[in-house]
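Here come two complexes built around subunit A, the first alongside subunit B, the second alongside subunit C.
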Partner chain A sequence: MDIARVTSKRSFLLGLLGLILVLLATLPLYAAGYTPILMTSIFMYIILTVSWTLFSGPTGYMSLAPAAFFGVGIYAAAILGKYVPLPVFIVAGGLASFIVALLVGALTLRLRGIYFAIFTFGLVMLIMQLLVFWELHVMGIRGRFVVVIHYNTIYYAMLIIFVVLMLTVYFIKRSKFGLALQSIGENEEAAAHAGVNVTMVKVITFAVSAFFMGAAGATIATRWTYIDPYIAFNVLFSFLPVLMAIFGGMGQLYGPVIGAAIFAYLQEKLVTTFSELYMLIFGIVLVVAILYMPDGLVGLIPRLWRRRAGGQRANT
Partner chain B sequence: MLVKTLDIVIGGLLMGGIYALIAMGLSLQYGVARVLNIAHGEFITLGAFTTWVLYTAFGINPLLSLVIVGPLIFIIGFLLHRTLFRSLSKSAPSLAAFEGSSLLATFGLLYIIQNIAIIAWGAASRAYTYLASPVNLWGAIFSANRLVTLGFAVGIGLAFYIFLVRTRLGKAIRAAAQDPTTAGLMGVNINQVLALCFGLGALMAGFAGVLYSMCFPIQATMGLQYTVIAIIVVVLGGLGSIPGSFIGGFILGIIGNVVTYKEPSLTVAAFYFIFILLLLVRPTGIMGK
Partner chain C sequence: MPILEGEGVTKYFGGLAAVSHVNFNVDQGEVVGLIGPNGAGKTTLFNLISGALTPKSGVIRFKGKNITGSKPHQICRMGVARTFQSVKVFNNMPVLENVLLGSLFGTSTGMSSADAAREATGLLDFVGLSAVKAILAKDLTLANQKRLEVARALATKPELLLLDELMTGLNPAELAQAVELVTRIQDKGVTVFMIEHVMKAIMSVCDRIIVLHHGEKIAEGTPQEIATSKTVIEVYLGE
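Coming up: the complex of A and B.
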């Protein structure tokens, strides 16, 4: 492959990305009302999924903590929403999650395999239960109202978080830091011996991914308007990103994006009308995806492609 | 004061019997078959609702249901392992990868079973009365069905332990738990044994469901909270240790009752707190190696 073709392919991709971005940025102008609201929740799931993949994809540590970080962000919005403008409490939500993740990461990343998964799961439930107790018995309230913000503004906030996240992931992947992260997933001990500060790389990545989850939580809270610990720390938000990432495929940067987009769309369309049926289908898809699509949707395409190419060779 | 203490301790033991059964089942599934079954609690739901249907529609004695529900749920679990988890373990590159993917698959199962249960039986709370006459134990009063439940839980637990220690099949299971590859080389039909363990694990949950439905109202969505309790008990007793899970169930039952007595709204939080503390300080549990 010669250089000219590589650069032209590259500029084509950049142009395509630019076009998509312009279309997304001007969305509220030509598709008012429901579409930006739908896109906001699709972006929310994409953000959760991509940031989950940022840490758990290369390292292989299965984190079930997303709901905790997401919930911290939601609570940041609920508490600060009345006093400061939207961008401030989004960043505050992100930073709060970042700090929680730093603490949790420093404490627990020595747990391996299944222990880490069940620990992070327990963490979500512990925070939820303590908050329920605190609100009911110490403060004497049940749930909180969050400041209401126009849906177009929320849409733009989510879009900006999404773009910043994608840039962050892209640059981490291409950097020495990303290489170190990859090496931890392949063989943690060997990585440590090769001079990678394993703990620091893991904890920082964990915290960065938590930042975006918190920011997404702070943003979406303003659309939900009413929250309580059961809504904010719903453990489904821990499992959905995992499912969406596996469904889309973690081998490529765009895999989790596609997986999350498809699932979020189906969720928004089906969950209100056929709640039980949706959850049933959700379960079946999860099992089928794990059984038959180990590399996800994006892994399926090259496999089919290869089969077709192989078939052609057989014919000649 | 003495009556109060007795009340709390016996109440804890009564709850602990059910916890012990559930946790032994999970311990078998994770310790031997290496599947951390998030859908474990759904088999409790299945057992409980089948008993409810049999009792309210056909008037079948709940204790007799044990013999009907047990084999039924065992077969479901056995087949699940032969199909789903067998093919997952064939395609997984490592044990850690299998544990991760089977954990997620059981999460899918959780939603499948739970929503079928909701569609079939509705989301409302169901209950029936059976053996509800009060019994006086040294001044503390409990209903008879709870005492029967405890008796059956202890009986089933001990019977299962004797099965593990005394029979050839039990020996095969213990061998498979220690080292599946070597056990296979020694002539243990390893796939059969792993499927058997998964089936037996489900059976324990099914039994727990039957006993549970005798004492408490049941709901199609109650499974997950008992799965979580089972996970906590299994970690408390040591991952993979069957006696540890049995004892751990009673310990957690008593702790739960003590906290409930002091501050009911903190019971679940206390469970998670113990759980997180354990994972940080002693992840191998009380009986772990």
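Coming up: the complex of A and C.
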């Protein structure tokens, strides 16, 4: 009976996911122009957050590098956009970030805790300042224009990156690679002595997560039309994924997705309606979230469930 | 034939010689004990063998092959497994997955997932943890966590097992089980090199004992010889 229940629950979930996917894929057909634009931005945040969680969640290494990889993708679009079609420069942006992450990861993943966080943050600053210098003193330009692409196309590009990312995360989580990743977060020394090549697992995961950040950057750049190093390497894009992941809860695969979706929607609404106060309201929401939801939004579900069940299903 | 040999192994922490010009060897199939007062350099020596630390000078050979300076995962895959003085289990992973990790990653040839699962289940049976295999490792008692570490180490199919204070902190009943476990590991054909403070246990289970003091080897011999050695008694009881 249990097996039947599990399979029926599973096919129900698959059906639900399929339905959501169909609704999302046909969105531009029934929703006005603003909705796909809003959804593009929400998906962008989801991609940043989920790919951040892919590495930092299980390993516990707090990376503040998302803005660096995101920015590398943006610059890939700005430089290549004129010459090659959208899919090519999205992949190029992702690969560029992948390679940067491989190099940086090989150098820095021996750092632990706060040192790693600060270094990755410094990386964002370093690339940004190098680009400012290069553009100003070597090329004599200030910022660049990015090729303009129709917002529905961008929406589909973002949706595809999102789906590929979710599949990647799902399969990593279920694979033996995912088990190794988790063991590193639990106890890196023990993992190494049990035969896990910890450096390789960390660097590859770091680079895979950077690939998706770069791809998202390359895609969204075409919405922004003009970019410069300060826009492309805005440090906010390093912190927001972390906040969104904490807000959603990192214990489950869907935690960061829900966190980022609600967070991004809230941000969009607040910016448009209370442009002056939005950062303030945002801050309050965050403080409340961290105080009252230590496991994030998804952590609320088992808590509410337990309350409803009135302790009958006490943890045994 | 020695399965493990060390020649002039030396490691400094700052100006202090934690391990100083130590020569040692462990023969195939033996159970060798490593004893000494606190701070004698026993765990440091294990860290040097397992690759957690690199010696300043000296050579360590496993089955005749120089492993000095190799990475921990490489040494593990060659066939040297270890446990830790302060237990290092994967707290938030189920007991079975703790062991599974060893069989998936630690063997020299690699294993299919099905084989690894079978192997891991068998080892949990071997150390007596079958009943709790679905429980998170952090919820086990200390004695069981130590057994889990042994199972995880055995999952990597070692020829040499380094046990770092397996018996410390156990009650008499658990102690007897631990002694029996070491004997069964030896019967499996695994060579054991163990650090221990519990004298009764080490005297009964070891074929040979090496004594470290201030990073230097001061004595070596059968349990009988060590128990009657003047130098050893001086070190432990004062002059």
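Note that in this section the second predicted complex is superposed on the first by the 305 of 316 C-alpha atoms of A that agree within 3 Å, B and C clash if a C-alpha of one lies under 4 Å from a C-alpha of the other, contacts with A are read in each partner's own complex, and residues count from 1 in each chain.
By definition in this document, a residue touches a chain if its C-beta (ideal position, glycine included) is under 8 Å from a C-beta of that chain, and two chains touch if they have at least 3 such contacts.
Please read all numbers here as calculations on a predicted model, not as lab measurements.
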item: Subunit B versus subunit C as contact partner of A:67, first or second or both or neither; value: neither
item: Partner chain in contact with A:194 - subunit B first, subunit C second, else both or neither; value: second
item: Which superposed partner A:96 touches (first subunit B, second subunit C, both, neither); value: neither
item: Which of subunit B and subunit C A:182 touches, first, second, both or neither; value: second
item: Partner chain in contact with A:86 - subunit B first, subunit C second, else both or neither; value: neither
item: Touch count on subunit A, higher of subunit B and subunit C; value: B
item: Partner chain in contact with A:220 - subunit B first, subunit C second, else both or neither; value: neither
item: Interface residues, subunit C side, partner subunit A - complex; value: 50-52, 71-73, 76-77, 81-82, 84, 88-93, 97, 100-102, 104-107, 113, 152-153, 155-156
item: In the complex, subunit B residues that touch subunit A; value: 36, 84, 87-88, 91, 96, 99-101, 103-105, 107-112, 114-116, 118-119, 228, 231-232, 235, 265-266, 268-269, 272-273, 275-276, 279-280, 283
item: Interfacial residue positions of subunit A with respect to subunit C in the complex; value: 176, 179-180, 182-183, 186-187, 189-198
item: List of subunit A residues in touch with subunit B within their complex; value: 60, 62, 107-108, 111, 113-115, 117-119, 122-123, 125-126, 129-130, 132-133, 136-137, 239, 242-243, 246, 276-277, 279-280, 282-287, 290-291, 294
